[in-house]
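Shared chain: subunit A. Partners: subunit B in the first complex, subunit C in the second.
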Partner chain A sequence: MIELKGVRKRYRGRYVLNGLSFTAEKGNITCLIGMNGAGKSTVMKAIMGLVPVKEGQILVDGKPRGRWMYEKISFVPDHLTMPLSMKMSEGLTFMADFYASWNAERAAELMRFFRLEPGEKIGNLSKGTAAKYNLVLGLAPNSDYVLMDEPFSGIDLFSREMIADVFSSELIEERGVLLTTHEIGEVEHLIDKAVILQNGKAEMEFDCETMRSEEGKSIVDVMREVYSR
Partner chain B sequence: MRTGGGWEEVEFNSREPVYLQVVRHFKEMIVAGKLEAGQVIPSRRELGTLLKINPNTAQRSYKEMEERKLIVTEGNSPSRITQDDAVLRAIRAELLGEAVDAFVSAVRKVDVPVEELLDLVKSKYIEALSSSPADIAAEGGAERP
Partner chain C sequence: MEIHRFRYILFALMGLTALVQMCAIAFNAMGEINERNVYFEQTGRAPEEFFAAMSYTRAVQETQFWFAVPVGLSIAVLVIYAFLIWYRDWFGRGTFAYRLLSLPSERRNIYFAKLTAILTFVFVLVGFQLLLMPIGRAIFAMIAPADQLQPSYIADAIFANQVFKILLPRSFAEFFVNYGLGIISLLVLFASILLERSYRWLGIVYGLAYAGFCALLMVYPLLALGLNYSTGYFYTEEAYAIQMAIDGLIVVASVWLGLYLLKKKVSV
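Now for the complex of A and B:
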């Protein structure tokens, strides 16, 4: 379980995260929903240690975060961070050198799943193809958790559909997935749990099927309520 | 595994639990004859991929269907549609009852004598059957509110 407890993060004189608490469990797809600028990416970076957090606690499987967790959690940022001059196949080797948890077999399977051409140069990839390759890099390691920042943002319909297929496949089974989105429509049926981020806090945290069966509300219905408060 | 068509066209409604919508889809396929008594159904994992739902939801749908005796799983063999006639008849009665209820509540907004209504239903139904017999069940399902 990834657990945030009262996390506060100040940025340019303003608290972007202001007492944020929520959990993301293994075996579940948790979606962090918020408007642009709500601090979704900051949450991801805070969990990964890419921005310093002085107030509050971030625990992974009950332990404070640290170097050990980079083999346990993979992070798919909203842009590719690989050297652009590399071919996709070289990028995979690069990752294999860095991570003990790298699973070359799964990487090959993912390249086929997304129909990617290993010989293509990373710098030449279209936005949709780059997003798919980015997911290959994040899903290939044998990590327990996968964080994805806006995996659907700014790419074409068919690429989005292909990426959505990941969430109904065995690629994520047993793992804990935490993704962010500002557009829930695409993943409404795919996620287990939603966390609505507003004013630096988790305004709502709920199980989507329970919300539907007990209150007959869709995720969008709940968002509308939260934003109109 | 191929189990025939009928899996791709599912449109989920976002206000009803997804796992219950999956169960309903199975019932519709049973009454439409697309799934037969005793037929092997896709595994949980295959169902997740076919219907584009997450593995937890697929698991929950199967659990629900097992509890309601809609499907049976013996030991390690794949799950099958039940062969229990009473269960199959109950599903048919349930879906038919729901469709008629929805029809009645829609048609009650119009002041119409029952004889006129029944004649109209009869002629429309015969017309629909002769134009595309296979689509009747699927349409009945999609019209649910």
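Now for the complex of A and C:
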């Protein structure tokens, strides 16, 4: 389980995260929802240790973060994280060199699934192809958790469908996924749990299925309620 | 990896250095032969009577500007690259910093990879420069008539060039001072860059203040302790020891600060 307890992060003179607490469990797809600037990406970066947090605790499987964590959690940001001069195959070799959890067989399988050409330069990839390649880098390791920041942003319909297929595949099933997206409608049926961010806090944390069956509300309905308060 | 990313620029600098310096030597030798031919045509006398024997050392001395140009350019490129080696990972479409900082290995490896990469480039270029010296001598010997050629030692040729006196020092002590100062400056620069990457706008102020403070510390013994004159309060050896201690302190502080920031404070 990834657990955030009272996390505070200051950015440009204001608290982007102001006592944020929530959990993301293994085997669940948890979606962080919030308006632009709510701090969704900052949460991802804070979990990965890519931005320092001022206060609070971030635990992974009950333990404070350390470099061991990078074998357990994969991060899929909304942009490329490999040198543009590299070929896609070189990027895969780089990952295999550094991560003990890297699964080369799965990487090859994902490259085929997304129809990616290993010899192509990373710098030449379109936004959609780059997103698919990022998913290869994030899903190929045998990690327990995957963090995805806007995996559908700026991507064409067919690519989006391909990525959405991944969410319902065995590639995701056993893992804990924490994602941020603006395209709630498209992935609503896949999400197990939603966390609504407002003013740097988790304004609401709920099980989507329970919300649907007991109160008859979709995620978007709940969002409307929260943001109109 | 860091070396691999700089390889084309490194090869370009090596190629440019070889081209400019070897052309300078060749043109110098051909120019001198031409002068001798003109003298012979005009006076009918053998040039040996008027001209001294052709010497590679003298050719290096006469072409030192053209030797210094690629060396200066290489130094300028390396100074710029000392910034770029960090900033290229943070800016642009492929923000490699995300990946580097998420590697399951110690973050200090990133720091030392970048540091050793820059040092490797410096020593590769210096080594290549040393290699070019006998090649230049061979080219010079091929152009100059054998009967008018005076043999030259490479060490003399190196000493004939003002830039090489700093770049290729003859004694280990000089090497230690020249390259030691360069390495300290690089460590201070790395610490300042990481201050900026950690605290952004405020980090620029911190970085400049840190670099300024280190520069002041380094020149203080020279100005106040009489390291450069014999009538100071301290014996020269004592002043040197103080200078070395201060330099050592700056090295330790800069490396510690750089590693601390990279581990705890840096953000993407």
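The definition used in the following text is that the second predicted complex is superposed on the first by the 229 of 229 C-alpha atoms of A that agree within 3 Å, B and C clash if a C-alpha of one lies under 4 Å from a C-alpha of the other, contacts with A are read in each partner's own complex, and residues count from 1 in each chain.
Here is the rule we go by: a contact is a pair of C-beta atoms (placed from the backbone, for glycine too) under 8 Å apart; a residue touches a chain by one contact, two chains touch by 3 or more.
As the structure is a prediction and not an experimental result, all values here were calculated from the model.
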First (subunit B), second (subunit C), both or neither touched by A:R67: second
Touched partner set for A:Q57, first subunit B, second subunit C, both or neither: neither
Contacts of A:N124 with subunit B and subunit C, given as first, second, both or neither: neither
Touching partner for A:F98 - first (subunit B), second (subunit C), both, neither: second
Subunit B residues touching subunit A - in the complex, by the definition given at the top: 12, 14-20, 45, 48-49, 51-58, 60
Subunit A - residues contacting subunit C, complex: 45, 48-52, 67-71, 75, 77, 79-85, 94, 98-100, 122-123
Subunit A to subunit B touching residues, read off their complex: 27-29, 164-165, 167-170, 172-173, 188-192, 209, 212-213, 216-221
Parts of subunit C lying in touch with subunit A, wherever the complex brings them together: 1, 5, 92-96, 98-99, 101-107, 264-268
